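Each chain gets a letter, A, B, C and D, in the order it is written, and its residues are counted from 1.
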Amino acid sequence: MTDTQLDVRRDFVTAPYELVSRQHRPGRSTVTVGGVPFGPGTVTLVAGPCAVETPEQTLDAALMARTAGAAMLRGGAYKPRSSPYSFHGLGEDGLKILSEVRTETGLPFVTEVLDTRDVDLVASHADMLQIGTRNMQNFSLLRAAGATGLPVLLKRGMTATIEEWLLAAEYIAEQGNLNIVLCERGIRTFETATRNTLDISAVPVVQRLTHLPVIVDPSHSGGRRDLVFPLSRAAIAVGTDGLIVDLHPRPADALCDGPQALEPRDMAELAGMMREVPLLAGRLVAAGPDIEGSRR
Amino acid sequence: MTDTQLDVRRDFVTAPYELVSRQHRPGRSTVTVGGVPFGPGTVTLVAGPCAVETPEQTLDAALMARTAGAAMLRGGAYKPRSSPYSFHGLGEDGLKILSEVRTETGLPFVTEVLDTRDVDLVASHADMLQIGTRNMQNFSLLRAAGATGLPVLLKRGMTATIEEWLLAAEYIAEQGNLNIVLCERGIRTFETATRNTLDISAVPVVQRLTHLPVIVDPSHSGGRRDLVFPLSRAAIAVGTDGLIVDLHPRPADALCDGPQALEPRDMAELAGMMREVPLLAGRLVAAGPDIEGSRR
Amino acid sequence: MTDTQLDVRRDFVTAPYELVSRQHRPGRSTVTVGGVPFGPGTVTLVAGPCAVETPEQTLDAALMARTAGAAMLRGGAYKPRSSPYSFHGLGEDGLKILSEVRTETGLPFVTEVLDTRDVDLVASHADMLQIGTRNMQNFSLLRAAGATGLPVLLKRGMTATIEEWLLAAEYIAEQGNLNIVLCERGIRTFETATRNTLDISAVPVVQRLTHLPVIVDPSHSGGRRDLVFPLSRAAIAVGTDGLIVDLHPRPADALCDGPQALEPRDMAELAGMMREVPLLAGRLVAAGPDIEGSRR
Amino acid sequence: MTDTQLDVRRDFVTAPYELVSRQHRPGRSTVTVGGVPFGPGTVTLVAGPCAVETPEQTLDAALMARTAGAAMLRGGAYKPRSSPYSFHGLGEDGLKILSEVRTETGLPFVTEVLDTRDVDLVASHADMLQIGTRNMQNFSLLRAAGATGLPVLLKRGMTATIEEWLLAAEYIAEQGNLNIVLCERGIRTFETATRNTLDISAVPVVQRLTHLPVIVDPSHSGGRRDLVFPLSRAAIAVGTDGLIVDLHPRPADALCDGPQALEPRDMAELAGMMREVPLLAGRLVAAGPDIEGSRR
């Protein structure tokens, strides 16, 4: 008997990851996106709306984000939704809105790409490509994103093991692109009080296994506005390299994930929390962009 | 009490899916693929190698499958693999091999498509498109597959709820394509004695919620050759509309998932099990193709 | 890297099971309870109410069970309930009712024991002691039950691995008592359409690892009356050594788990299913008791 | 959308628990154990060996704990182990050792009770009774522990929902005993890089639902020494009311859970971390006992 005999899952990974491992690069890497660093010395705040809805809503959200200390904007132009009858994003129009808002606010942006056919278009606008949780093992998409050379934000599959997640990153790396930032966003468990279960341990575990930066998404992990600050503080204290947070000028009207979005009245608390980062983490908050304009 | 109140957590489904629901079609549908039915009166055996490796291996596997009572061939030309350094399939060459083997054996085939850019090519060869577990929520791919009008085999995501699975099917249906066969292939749990945990309950639950046929993959569920027959019998008894089984002429040399593939010496038992279907399930075994040749 | 490095859980089982293993007894054991066998040649039906409520309800349920082909009665006198404000069973009065019903119907009975202090009392009435899912790792209780020498029905913990389950059985065996019947009753997963997820693979996996018989509880697995027959058929086909099924003369009035209990009108179908056992499983239905009276 | 609709599956809780709810007591309670507070204004460090092995080892561990800022000692005299062949603790002798070490160090102690028959004995020695993860739904034990009137440390079942956990606490409360401290210690998921998955969200979720204090066990959550500090910092930042940490004078010789125990050389870092609590959490570290002697 018996452990080995029982654990058949273990037969199914034949090739480990290499380029993303600490064996390949003993130190920890810093990935720079539009001038904004993700790495061991900083905590980088990325914030913005779940979905780009209108130019006004996106600009308002970006200004909220900048006020609170965000160095970068997030926003979805292509939205993966469980139902075909939900809002799926503005597509290319959404990308244009994001580009305009970048010009106005100076914030570089990350946005999700869902389809290999859209990679070039999205890459022509965005500072960073996001691979979402549902596509973590969409290997064609990983390769296509990697091949652009742009930085990639790789969310953990909602039931991926850490090993599978790093192997997914290896697909991007194998294209010659090590500008990868990992994002823990909660895993699926039996617990129903939260949308997912934030696997906070994943941050230090991943940091021991890979040189890549790893950030935390407290919004999708909990799925509840009231958990965003506690989970963010936990992530900062555990050693995250950054946070990615949903916010919206009017969450009640949001077309996507309103219940987890921070509101305008939360921005003072968010800014206050970021000011505590040096105390909580012994790190600096990643510098936001120069207000004078875009970096592209 | 509260066990019921607590554990059966939501009273199931306000049918956010429509076209695939029993409300849309009260009866159960039969989907026909290259002359082979999937539906309420039959149990359909689909069998073949995990991956197409060579013309000989594929033909040998197809002949094994036909001998055992299979009505249809499975085989992967594009293989999703956790690692970028594993074998990823022969691509278009694999499709050609499958087409030739269809001509020789008369067996229509199903094969996986991974990338929206490949959908037309795969559809020009295959009788049925497979959407794999990792792509169950690759919504672009679902739509593109649906738009071909070809039958689609939709595997359950390894941690998808039944509701999410049916919503994924709705993406295909929304393209005007109701030729969808669902496939339960095991879900991810804490148990490590099996590769995944076959959710046998999903078969009757799904049959109450949708008119679409549902089949079971005992090979990927257990990940162990010794479990293929017990799980197949369970699936037949629970009311599955079909089985999809891995087999290989020489599993020890297989480039993918050898430990779960049936071998030549298992074919007599497989054929015997299929002969029991009328007793086990009160159904007929779906007729295999006419031996004289392909149906395309 | 890395599999070993990542899988720290594996360090935590230091001593495997011995007495319950196939190494200890190469063949499969038959456990006999009040004259009723559980073992490789038979399928044994155990049926009865979730909770003993009144003498009439218990007798009615026992007569239903006997009519349908049950060889043994189940019924709870001590009920573990998530809430302290739920009905917790009649205690000793319930045991007396069960004993009287045994005299009237000839059916031996299994009933759950929750507390080491109650073991002797329960053992003085019951033919078999049940250790429930919540107590699978209540090691004092396992030992105390084992020490009575009575047969023990050991339900799988709702999130126990198969290895932990067999180690729990080893606690009973270590007391010199190998009269152990294992019971798969569903595990906890993310799926919410069913109360638990029946791990049907556990039956053949366990039968390869241990000589002990294993039965299936389709009632608690699914938590839904409409799933009892499909899951029972699956269990019979997969090779279960028995079934344990909830039934109630009037489920709508049941004090516990009514939604999963079979009703009087289901008895003909249950009896019919049991008559199919030889065809489905190549086994006999375990003989019910002689109608003339109790065996104690 | 439906993500929210689907994933946050039930709108949480119609409070089937009462006495432990915020409806019963709107504020947050402080539970005092041997003079040591657990409550909203403090972070309380409980530390000690997994198991009491010898008087010397226990005293050494207690002195380590006190040095590092612990206000209370933990140590197991009765150990629940997956295997009957593992070390199960010294029993009453272990309790006596703990009592002597309390006299020498002034540290009150918490120790696990496994069997209703042992409750009075354990209660005659201990300052606080621990109900372990495997016994969270051992309702007899919950009641017996509650009836002693002693403070109770209630660990979350390794696959219990938060609602079930609070209902388990209600069993203790219903005995007239509200001196309950909850302990999150990791839940079981598919991830194998850690022993369990620390559900860090449980801390703020529980604090919204109940007035009881909640502490975190970083040692059993991760099962790895290298994760104890990161997870402790996360817990402090998320708002935990305390920590319970495994330590051992010589982990390599530990009879139980050595790989997760802190060592003597870790004490400076532990003490340093506790000194940061006011900055990390805006709380005081709970005062350790007066060094002059025991409080009993």
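Just so it is clear, contacts are C-beta pairs under 8 Å (C-beta built on N, C-alpha and C of every residue); 3 or more make two chains touch, one makes a residue touch a chain.
This structure is a prediction, so every number in the text was calculated from the model and none was measured.
Enquirer: Suppose chain centres are the mean of their C-alpha atoms. Which chain sits farthest from chain C?
Expert: A
Enquirer: So which has more C-beta pairs touching, B-D or A-C?
Expert: It is A-C, judged by the count of C-beta pairs in contact.
Enquirer: Rounded to a whole Å, what is the gap between the Cα centroids of chain A and chain D?
Expert: The mean C-alpha positions of chain A and chain D differ by 34 Å.
Enquirer: As a quick test, compute the distance in whole Å between the mean CA positions of chain B and chain D.
Expert: Using C-alpha averages as centres, the distance is 47 Å.
Enquirer: Got the chain A residues that touch at least 2 other chains?
Expert: Residue numbers touching two or more other chains: 6-7, 10, 13, 16-17, 81-83, 159, 161-163, 188-190, 192.
Enquirer: Which residues, counting only chain A, touch chain C once they are in their complex?
Expert: Listed in rising order, the residues are 1-3, 6-7, 10, 13, 16-17, 21, 23, 159, 161-163, 188-190, 192, 209.
Enquirer: Would you mind writing out the residues of chain C in touch with chain D in their complex?
Expert: 6-18, 80-85, 88, 114-117, 134-135, 137-141, 143, 158-159, 164, 167-168, 170-171, 174, 188, 192
Enquirer: Quick one: in the complex, what on chain A touches chain D?
Expert: 81-83, 86-87, 159, 161-163, 187, 189-205, 208, 221-224, 226-227, 230-231, 233-239, 255-260, 279-280
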